[in-house]
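Have a look at the structure that comes next, please.
The letters A, B, C and D name the chains in turn, as written, and every chain counts its residues from 1.
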Amino acid sequence: MSSDQPDGAIEFRSDNCAGVAPQIMEALTAANNGSALAYGGDRWTEELREVVCEAFNAPDAQIFPVSSGTAANSLALAGMCPPWGSVLCHETAHIYKNECGATSMFGAGAVMRGLPGDGFKLQPDSIRAAFESTNWGDPHHSQPSVVSFTCPTDMGTVYTPQELADVVTVAAEKGLKVHLDGARLANAIAALHCAPTAITTDVGVDAFSLGAIKNGAMSTDAIVSLDPEISEQLLYRTKRAGHVASKMRYQSVQLIEYLRDGRWVKLGRQANAAMTELSRGLRDRDIELLAEPQANMAFVRLPNAVHAAWAASGVLFYDMGPDTIRLVTSWQTTPDDVEAALHRLDLVLAAAR
Amino acid sequence: MSSDQPDGAIEFRSDNCAGVAPQIMEALTAANNGSALAYGGDRWTEELREVVCEAFNAPDAQIFPVSSGTAANSLALAGMCPPWGSVLCHETAHIYKNECGATSMFGAGAVMRGLPGDGFKLQPDSIRAAFESTNWGDPHHSQPSVVSFTCPTDMGTVYTPQELADVVTVAAEKGLKVHLDGARLANAIAALHCAPTAITTDVGVDAFSLGAIKNGAMSTDAIVSLDPEISEQLLYRTKRAGHVASKMRYQSVQLIEYLRDGRWVKLGRQANAAMTELSRGLRDRDIELLAEPQANMAFVRLPNAVHAAWAASGVLFYDMGPDTIRLVTSWQTTPDDVEAALHRLDLVLAAAR
Amino acid sequence: MSSDQPDGAIEFRSDNCAGVAPQIMEALTAANNGSALAYGGDRWTEELREVVCEAFNAPDAQIFPVSSGTAANSLALAGMCPPWGSVLCHETAHIYKNECGATSMFGAGAVMRGLPGDGFKLQPDSIRAAFESTNWGDPHHSQPSVVSFTCPTDMGTVYTPQELADVVTVAAEKGLKVHLDGARLANAIAALHCAPTAITTDVGVDAFSLGAIKNGAMSTDAIVSLDPEISEQLLYRTKRAGHVASKMRYQSVQLIEYLRDGRWVKLGRQANAAMTELSRGLRDRDIELLAEPQANMAFVRLPNAVHAAWAASGVLFYDMGPDTIRLVTSWQTTPDDVEAALHRLDLVLAAAR
Amino acid sequence: MSSDQPDGAIEFRSDNCAGVAPQIMEALTAANNGSALAYGGDRWTEELREVVCEAFNAPDAQIFPVSSGTAANSLALAGMCPPWGSVLCHETAHIYKNECGATSMFGAGAVMRGLPGDGFKLQPDSIRAAFESTNWGDPHHSQPSVVSFTCPTDMGTVYTPQELADVVTVAAEKGLKVHLDGARLANAIAALHCAPTAITTDVGVDAFSLGAIKNGAMSTDAIVSLDPEISEQLLYRTKRAGHVASKMRYQSVQLIEYLRDGRWVKLGRQANAAMTELSRGLRDRDIELLAEPQANMAFVRLPNAVHAAWAASGVLFYDMGPDTIRLVTSWQTTPDDVEAALHRLDLVLAAAR
């Protein structure tokens, strides 16, 4: 059985299109041995708890495997924000634009508030401006309760630890909790060459999603909570949302294998390296990148006719509007993929002349 | 890597404790080949749609893979019941007793109403009594909107197709929709020696859960909707609940393999056969069964001291209160498991004399 | 403009059918003088806060005027019960049977659990049994979080302060909060000849509804919260439910006038006295009362033919099923009403012989 | 008993601060005569239904009295928008900025989407732009389902019937329902010198709030639904939200009196006339108005020092940020109020020179 792509297709549509990392698939096979207590009462889930505490240097960390990033973010936010609260995030955030009201549903009417900010990042000033436009304690107004940042952002930019610390400092002035949408967290860590704690535990994040699925896992993302009060809520919120797997061992073993020995960061590094090569190749051909890709995503200016021809050659990507495309690499993208894609682009450009 | 059970343990706690059927594990491995469009845009998901329509002889059937039975039932019910509606079910139903308010959450305050009924089954009379105690059209009262039956029931009994038809007939008198909690649907079909359509499509069920996880799948259950209006709702409801897998191919391939060539019914048959052997052995030893096991579950009267000793011998089961235990077999239970368990029971009984 | 009842009709259908007490109507007219800050920033609302603290001898009490008993109870419960919690109440409770899922909606899927109990009252033993059947800390099960009792009950019986204290003691063993549905609170206080604090502040109730509308107010009931954490929630929950009146002065002035100088208890006493006379008259005629009326409500056994004839004579009441009717008196029921109703019954009974 | 304002205060803070129109207060007193069936089974409510159908020339119109504008708008929107839908409104709309998530709560996670538009009005182009940025049928995106406009807007501007018709035409292209936040509907009708139907029934509005409270009612606003499917939903949604008054006659009689003989438009005209006088006076004094007041609201540029002194003279208004105030007139504002306020302003201006 082969992939469902045409022969010779090269995948840059989304890291969600990639397969499962071979070590994770092997671990799944190995775990399929005999019976195990359901709903997390198994030894893999116990081990996972230890792996997480160590990975994030947080003895009280709790991990909640859930089956999607949507669930990881919206359930975490529901556990952090009262129904009358608002979640402040960047106006381009996935949680604001692409979740069909998931946080408002799980959060019993909590609302999202999209803020502007350069580089697609929340800026201390935009949060302060949101604070200033709020009538605190006035029940006519949803009360800002959580700051959620996405790193890398949905446009591929990466906060530095200092930028995050600045955002957290402003949030703390008003007692807001801090959430990190880590849909591509490993790519951020790889891009920053930092420890996983540098943009989580150390900067004061209260809960975050792990982003395992885009980066080599099969069927599980997870919420990591560093705050016991949030953890208490998530115990119940995940279950009643149908996100506590009965055969939890198969979720836990993916995450153990993902986090063990820094595999997740290595996988993220592979994706980033492929993007570095790809974007260098594009620049060498005088093609405009809308921003310098910092992780595994690029937004590229290409005339419609050119990108249509490139697509026709079997290079898969998303059309983002007039003369603009998005390219995403994954742990699975090989140097050969990049080279072949650029070669096909050369042919297209030559034909266009 | 071995199971997390002690050596020689024999598993009767729950079919949720069983592993993944080998053919399903192989299909997962085979699907891990190259990239595939996310969120169900892949060829496996397309194939799954065809497999489901054929399996249930329903050209308009839609399948929604979700990651748990909790999700499968509560999201389906939310799509079938208005917020001011009630779901009528048996007072022992899992959806009523064990879901921590999931249906009320997803259903925006829809309520569950537990009804009595012999054999742990909904009876036409108890539904009629519920209808008679309702002030129809009076907004003081949640309006009965869905009848949900569980087959096999949570106590292991099985509705006959005629019994189901009788329930559906009463529901139809007031225009209620009909939901089937199919957590162990394959076990019911195996027990009834009927076609899968006999207790779904043919009797007028509008939507049901498939129950794949307990019976050999890994990480996916599913909702099957036979009603386009419910399907339209579920398109959105599953996504915003975080139950649309980004790497959907790995969910779909499990379900294809599960349903293909009647594998699910064969797996259910294995579980039921093990229970038949086990319960025969218990009766041979003059041990009381609270009801005649019809599928893969038995409730057994055993003095506390006896069952404690049996448990100490490595036979795993749930204690259900004074002198009562629950035994559940799965597709994975072997004849040797049953024989060994009965042998250990003989030793316990001999020592007790 | 006259009432909408036929001439000579005598009202025993519901205390909700009664009018507004004249002193309250006068206070409304007097408050309609000039302008006042909206949403509770007026001097009447300020005065109301003082009146409530004094009436219930609770310096931290907060009052939240809302426009119905449904709102008063369901919003209070939503502020007391987490979404994964359950509210334990008697199986005949109005909040369980007659609110169309209001608490589950406002409570984001919190569920109600109806318990049996003699005299239509929650008993310590039924609460303990509910506790014992709960898997505490297991997210499969809604966690008992609030005990709600109704006093008088929906069947007209009244808890003694000792009975309440016993219920509260059991609730406290597991840390549950205590809610009182005070739909007819004044009738209970009048029946018990006790201080208002005796069944509220003194027994450990955390929040209760005041029940003003049935007993002489026009358009406002209220939640009284004795717990600052609940009050903090209600500040926001009442507003976003649309239950913070913009012209709050007209709500507050009703409640001031209601509570001032014990008027509410006097009004309740009038209703109870009318019921005492009415039930004495019924007993004198050898008519069976299903229970001894303790407040302003009686359930009476009367052959269908007899009560149909009584109704035809202009006596208004509710038919509660075969040979059973409900009679409710209000602050507005006069001794003449009672005497006339009994006289008409005599005529009916004579004709029936 | 006098107002809670200091002697000589002149009220321009909000029309919510005004009292109850004397004819409405008299009707309330007159209705307080005998008993009446609860929850809308009274003759006033029956009469109200006829009055509404006639006022809006809509034989199928249904009216739902609710106790606030918050309730009127958020319940109507919840009945018009599926949980996965979005409500498109102007980015300055009260329902978007000031309701603490009420629509998302009642709408089970439906979201609000604020759009730009000149004159604080929704423009066909901004709705079209929202449509174009939507992935229709893609469950990642809340699906635009309702267009809600506010007339007059929260900034005091008024849509012409033609402007409304243009908005409705665009909404209809995608099958959206149309909601009108009529918090000051009478002021709009008075400003436009049009029939009430001209901006409701005739332009294709599906449901609207009546805005009675700000314009002379006491304790009731209302939803008017012109669509039987919305009406069916509201029957239940209003009840379970606690917005069906038990003593409904007192709500209905206010609304009868409000609508009868066009009183509401007369009251709105009084408020508008006062604003016309006030704004003329301001312009005569060379004071800048941020927009030409079309109804009963003005935003005025006044140096902080000047407006502080004016406030100190007993003229009540809201400070809207640097050098800006809001002035609102009501049905209760008299020519003397306006003259006195302008006179005090003259003194302030003279002192400032």
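The definition used in the following text is that a residue touches a chain if its C-beta (ideal position, glycine included) is under 8 Å from a C-beta of that chain, and two chains touch if they have at least 3 such contacts.
All figures in this text were calculated on a predicted structure; none of them were measured in a lab.
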(message) Going by average Cα coordinates, which chain is farthest removed from chain C?
(response) A
(message) Between A-B and B-C, which chain pair shares more contacting C-beta pairs?
(response) A-B
(message) Using mean CA coordinates as chain centres, what's the gap between chain B and chain C in Å?
(response) 43
(request) Give, as an integer number of Å, the spacing between the C-alpha centres of chain C and chain A. (result) 51
(request) Find the geometric centre of each of chain A and chain B from their Cα atoms only, then give the gap between the two centres in Å, rounded to an integer. (result) 33
(request) Enumerate the residues of chain A that touch no fewer than two other chains. (result) 39, 83-84, 99-102, 105, 108-109, 139-140, 236, 239-240, 244
(request) Would you pull the chain A residues touching chain B in the complex into a rising list? (result) 1-5, 9, 11, 13-14, 16-20, 22, 25, 28-39, 42-44, 66-72, 74-75, 99-102, 105, 213-214, 218-220, 236, 239-247, 249-251, 316, 330, 332
(request) Mind listing the chain D positions that touch chain A in their complex? (result) 83-84, 86, 97-112, 139-142
(message) Looking at the complex, which residues from chain A come into contact with chain C?
(response) 39, 82-84, 108-109, 137, 139-140, 143, 233, 235-240, 244
